[in-house]
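Here come two complexes built around chain A, the first alongside chain B, the second alongside chain C.
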Partner chain A sequence: MEDFQYLRPATIAAAVLLLAQHKGKARLIAGGQSLIPMLRSRLVRPAYVIGLEAIPELKRIEPRHGGLRVGAMVTHHEVLTSPLVKERATILSDAEILVGSPAVRNLGTLGGNLCHNEVGADPPPALLALGASAVIASPHGERRLPLETFFRGFLETALGEDEILAYIDTSALPSGSVWSYLKCRQRSVDKAIVGVGVVLRIEGGVCRDVRVALGGVAPVPFRAKKAEAAFMGERPNDRIIEEAAMAAVAEAEPMSDAHASADYRRKMIGVFTRRALRQALEIKS
Partner chain B sequence: MKQSISLEVNGESYKLEVSPNRLLLDVLRDDLGLTGARRGCEDSICGACTVLLDCQAVHACSVLALRASGQRILTIEGLAQGGKLHPLQEAFIQYGAIQCGYCTPGMILAAKAFLGENPHPTEHEVRWGLIGNLCRCTGYMKIVEAVLAAAERI
Partner chain C sequence: MNTRAKGDLTIVGKSVPRLDARDKATGNVVYGVDQKLPGMLWGKVARSQLPHARILKVDTSRAKVIPGVECVITGEDVPNRKIGRYISDMYALARERVRYVGEPLAAVAAVDEETAEKAVEAIEVEYEELPAVFDMEEAIADSAPLLHEETGSEETWGAWSRTVHPLGGKKGRNVCNRLTVVDGDVDAAFAEADFVFEDSFSTHVVQHCHLEPHAALASVSHGGEITVWTNSQRPFELRSYLAHLLDVPATQIRVIGTEVGGGFGAKKAGWERFPVLLALKCGKPVKMVMTRDEEFIDGYTSVPARISVKSGVRRDGMITARAVTMIWDTGAYCNGVPPSLAPKFHAAGTYRIPNVRFDSLLVYTNKVPATTYRGIGGQDIAWAIETHMDDIARKLGLDPVEFRLKNIFEEGSRSPGGAILRGVGLKECLEKTAAALEWGQPKAANRGKGIACFDKHPNPASSSCAVVWINEDGNVTLLSGATEIGQGLMTVLAQVCAEELGVKLESIKAVIGDTGTTPFDDGAYGSRLTEHAGNAVRLAAKDAREQILKAAARWLEVSEDDLDTKEGRIFVKGSPDRGISLSELSLKLHRSDPGPILGRGSYFGGGKGYSEVAGRKEREEWGWKYGVTGVEVEVDTETGAIKILKVVSAHDVGFAINPHLVEGQIEGTVVMGLANFLLEEMQFDGGRVVNPTFMDYGFPTALECPPVVSIIVEKHNQEGPFGAKGVGELPIVGIGAALANAVYDAVGIRIKTSPITPEKVLRALEEKTPGSRLTSSAES
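Now for the complex of A and B:
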């Protein structure tokens, strides 16, 4: 690992000023579970590493308009064990328990996970299915971005060089909503080959809301909007579920990598989308 | 530029000057001579370097030493008290849960943290709790048995 200077701002304002001051030469560190391997392999060589651990407001989980505000520095373990998350964003808890191993979850943070945008991360599809948004701080103030537009490319996000992901906001789900997050992987500690998050609501036997999100299959996690369209306004049955799953397969452009081929991913998108929809609807297979 | 840090390791306080790029694992092994935390994959996968940081299991290969400043660290060297082995260590010996021994310190410390949160686990929960620790010898059966037996004795 190359040498660097370690900076530890105590406020968000101080942190973004440091970023602006050292533009292009600094990296933020949250829990370090993604950045430290990147530093070790010299994939990144920052002159300055800015630690966010001394900023209290980034470490809180708070209720907000019936939904939640989760600080970017909240660890996976804290998300997982939070009764508030369990109550208001259960699908996020369901996804968090599948992140890495206990040791990774004890240090790794939700914000760090989102900002690295590693392929196959579990929280993104769950949060996309929840319709979450990112609150981003910079020296010029705050902006809010739907999470759908936050992920931009392989290991890339919409964050500018002087910006910090401060909070992740989720809104209240309408009553009667159901959900499921499922993950296809080889070993328990692996990232998802396919991760599927589904949140939907059936009213009067008809699907009124549906979000289907996929991770692990492409450089960027995304909403499978054709799958959603196949489901929306329909009465769920085996045929509709199958159509939605096949729509997800058709709209994904999966990649091949060391973990799985594009063909395998395509197959598993179908299998896991179908299972996630069935599980959310409590259809026993 | 080096920074001053203070670590409490196995109940003893240390004041150290470290470069910001030093990892906790390297400081434990190379500066303090505590080689129980093993250098394995160095990529947060194998768990051989697991130590407890304020009672939580972490991979020492993925923690900057300066981030551990002010925290209590437990390595395998600090687990036995007054010359008496910890019930997990005894159970690992009794059940033959050790073969080559490389994963053992991390496995025992991960199990200790796990039992701290879940004192009466099922076999499935033990396996789930130890997913971050690889063993290439035992096939895990004896490790799981040892952790279940130790849970009864703690």
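Now for the complex of A and C:
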């Protein structure tokens, strides 16, 4: 690791100012679970590292319009043990318990996880399935972005060099909504080979809302829109579930890496989408 | 060497807590990575970026001028002498050629680690790339590039080694060692056999993943004395390796073993030469610690194998012949006990087979060198032999356990090669494992059980020495050149010493693994120390006890035959009040003739196993280590994932000096083996390691540890201390095969190429049942 200067602003505005001052030479650090390995392997060599731990408003979980506002500096452990999250965004708790190891969950934060956009992260598919949005602080004030457009490319997000992800907002789920987050992995600490988040609502036996999101299979986590289309307006049964799972397989272009081949990922998209839909609908296999 | 009957034992055979437990749990031990000296520099190595190339130029000029850089050395600065632990095939730093990505080309010393890293980045190398070969079978083809010219000739290697291992014989292209074992007449036996079965298997590369990386600190005195603090498994062997490299007397070098955070066979490859060469050049102490990336790139690896097995079997289930061909990939250099020697001990399996032929080749390829890995190839051979055994049983319609029991080594069995085996607890291990696994009971869908039997050869031919010194306060200093690498050796040696002397365990202070203060020991490898160092310590304690009794007899004016010792007191048998404490006696002896008591013991043993050629005289052999692994799994047929429900690991350890430590060894080794065969695999692309981090390499965590049932079987080993044998490597040997057999039992597929990944399981299931798995559940 090379030397850098550590800066510790006390407000969001001060942090944004520091980013603007040291444009291109600074990196934000939240829990350090992604940045420290990148520093050690010299993937990044910032002259300044800006720590956000002294900014209180980034560390809160608050109710908001029946949904939630989660500060970017809230740790995975705090998210998954929060009764408010459990009540209003259970799928996020379900995903958070699968993040890394207890040590990673104690230090790592939700915001840090989203901003590094590492392939196979668990919170993104859960939040995409919830329809969450990102609240971003910039020198020109706040802007809001649906999470779907937040993730841009391999380890890339829509954040500008002088912007900070401040909050994640989720809205209230209509009553009757059901959900599931499932993860295909080898070791308990691994990122997802495939992560599937599903939130849907059945009314009168017919699917009225559905969001299916996939992680681990492409440079960015994404909504499997064709799978959603196969399910929307239908009465769920084995055939419809299978069609949705196959649609998810068809619209993914997975890659190979040290953890799994593209071919295996493709197969697991089918298996885990099917299992997630069945689990959400409480269909015993 | 019996001096005390087993029934009287009070300290050995008991699960006393490890002597270092408190210090280790509270972070108070000093590991290799913790060593420091005032004014020390940090060393780093510059590495080859190509798998095979001629070195045209190593330009260090930019590195040398970086502020804080003290010195830079290249292949031109190191002794022009080839080194190697068993075959001398490499230079201390590459000269003229590099043969793998990561091969050390230059080394730098600087004021701190960051500066040293900058200097390494500033070194510029010009190469002329040469054709490379990465596959062991391609490497032996005539068209393959020749990695070491010596393999092209008929001459044997000019091994400098003090080794007692037979190396040499006719070579082939890129073959650095070849061993052929013949006993009986396999061809005739195959012709006569009712059935002949043939199959081929292969294993993969794993890294040792000791959590403490290689670390060493070297210092040179004004008089030229070299001191090295290192987490080596074998301080004395390192001393002689360095003495050879530097052409100095061994005693000009002192190697001080530090606490060791795991070794598993990797920490004895002579890596300490870099800080030593840098310290000699700079005249200042130099410390080096490998990063995790470096451990994967250049910390050496296991030795993968391709194994073909052919067995002749009679209608009644008796195996009459077995031929095994093995190719082992040692990477670019041979820097460990050549695993090509392993067939001497393992290749027939644990069975009484009258006719055998083994052919074993060790082959160079352009990859990171391999070295010994816990089990030394036994697990690779068992992967082949024990899955092959299961297949034969199923084809003959026999139960796999029953089939093994028919052929298995028993007390007095003749092994292939003519060893008459003594102290054989194998059958008991098998029966107890089968019982613990509820073998033969009905099973649920997609669940299966598998079993594997194995042995490990007697210890390598090697020596241990010990000195037992009674201090003036009656407490005992035990000096042994052996090393504590986490296995609990210090505690075991102290137990042996206390038992034999008749003193309390707390009164023993062990000083170990320092070539400057402790007597010779070959070090920690091959599961040898409990037996070898244990014997040396017991002999030293016996010697000291005899001196104590003689002196006490004089003071007490009785015959020494009438005396006994217990808990630090010497007393007249039958009248315990009439005696003298060891502290009182020792103090007197420090002030009168014959002076303080110093007991000494040394032991040489091992090195047997079967001979390479037929007709060697039959002889009795004790100390073979036997074990059986049983595994129960559940296979997810949609994902190919394997869930471990239970692992049973039974071992004949002769006599468990500390049962709790034996269980610890079993559990740890089982987890290591499971990870080896399910999760871990070093992946290469053009000779470059693509997953050199714990993020991408499947190193297990606590959550990957299933319940392990450890079973200790004790068949007295006449040649071990109190009947003991070692156990450190054994439990890894059968894991892979037991897993493969359990998967077969569960879902009827046979994985022959390790590791057993979900992808392979799924592919095999699809091949077995044509038609896409993806649609299958829609039909259900």
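What we mean here is this: the second predicted complex is superposed on the first by the 285 of 285 C-alpha atoms of A that agree within 3 Å, B and C clash if a C-alpha of one lies under 4 Å from a C-alpha of the other, contacts with A are read in each partner's own complex, and residues count from 1 in each chain.
To be clear about the criterion, contacts are C-beta pairs under 8 Å (C-beta built on N, C-alpha and C of every residue); 3 or more make two chains touch, one makes a residue touch a chain.
Everything numeric in this text was worked out from a predicted model, so none of it was measured.
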Combined model on chain A where chain B meets chain C, clash or fit: clash
Partner chain(s) touched by A:G51 [first = chain B, second = chain C, both, neither]: first
Touching partner for A:N237 - first (chain B), second (chain C), both, neither: neither
Partner chain in contact with A:T149 - chain B first, chain C second, else both or neither: neither
Partner chain(s) touched by A:A103 [first = chain B, second = chain C, both, neither]: first
Contacts of A:T11 with chain B and chain C, given as first, second, both or neither: neither
Touching partner for A:S188 - first (chain B), second (chain C), both, neither: both
Partner chain(s) touched by A:I36 [first = chain B, second = chain C, both, neither]: first
Which superposed partner A:V271 touches (first chain B, second chain C, both, neither): second
First (chain B), second (chain C), both or neither touched by A:S256: neither
Those residues of chain A which chain B touches in one complex and chain C touches in the other: 1-3, 37, 101, 188-189
Chain A to chain B touching residues, read off their complex: 1-6, 29, 32-33, 36-37, 39-40, 49, 51, 53, 77, 100-104, 106-107, 188-189
Residues of chain B touching chain A in the complex: 1, 3, 19-21, 23, 42-45, 47, 50, 53, 56-59, 61-64, 66-67, 110, 113-114, 128-129, 131-133
For the chain A and chain C complex, residues of the former touching the latter: 1-3, 37, 41, 101, 184, 186-189, 238-239, 241-242, 245-246, 249, 257-261, 263-264, 267-268, 270-271, 274, 285
Residue numbers on chain C that touch chain A, as the complex places them: 114, 293, 638-639, 679, 683, 690-691, 693, 695-698, 700-701, 703-704, 758-759, 762, 773-775, 777-778, 780
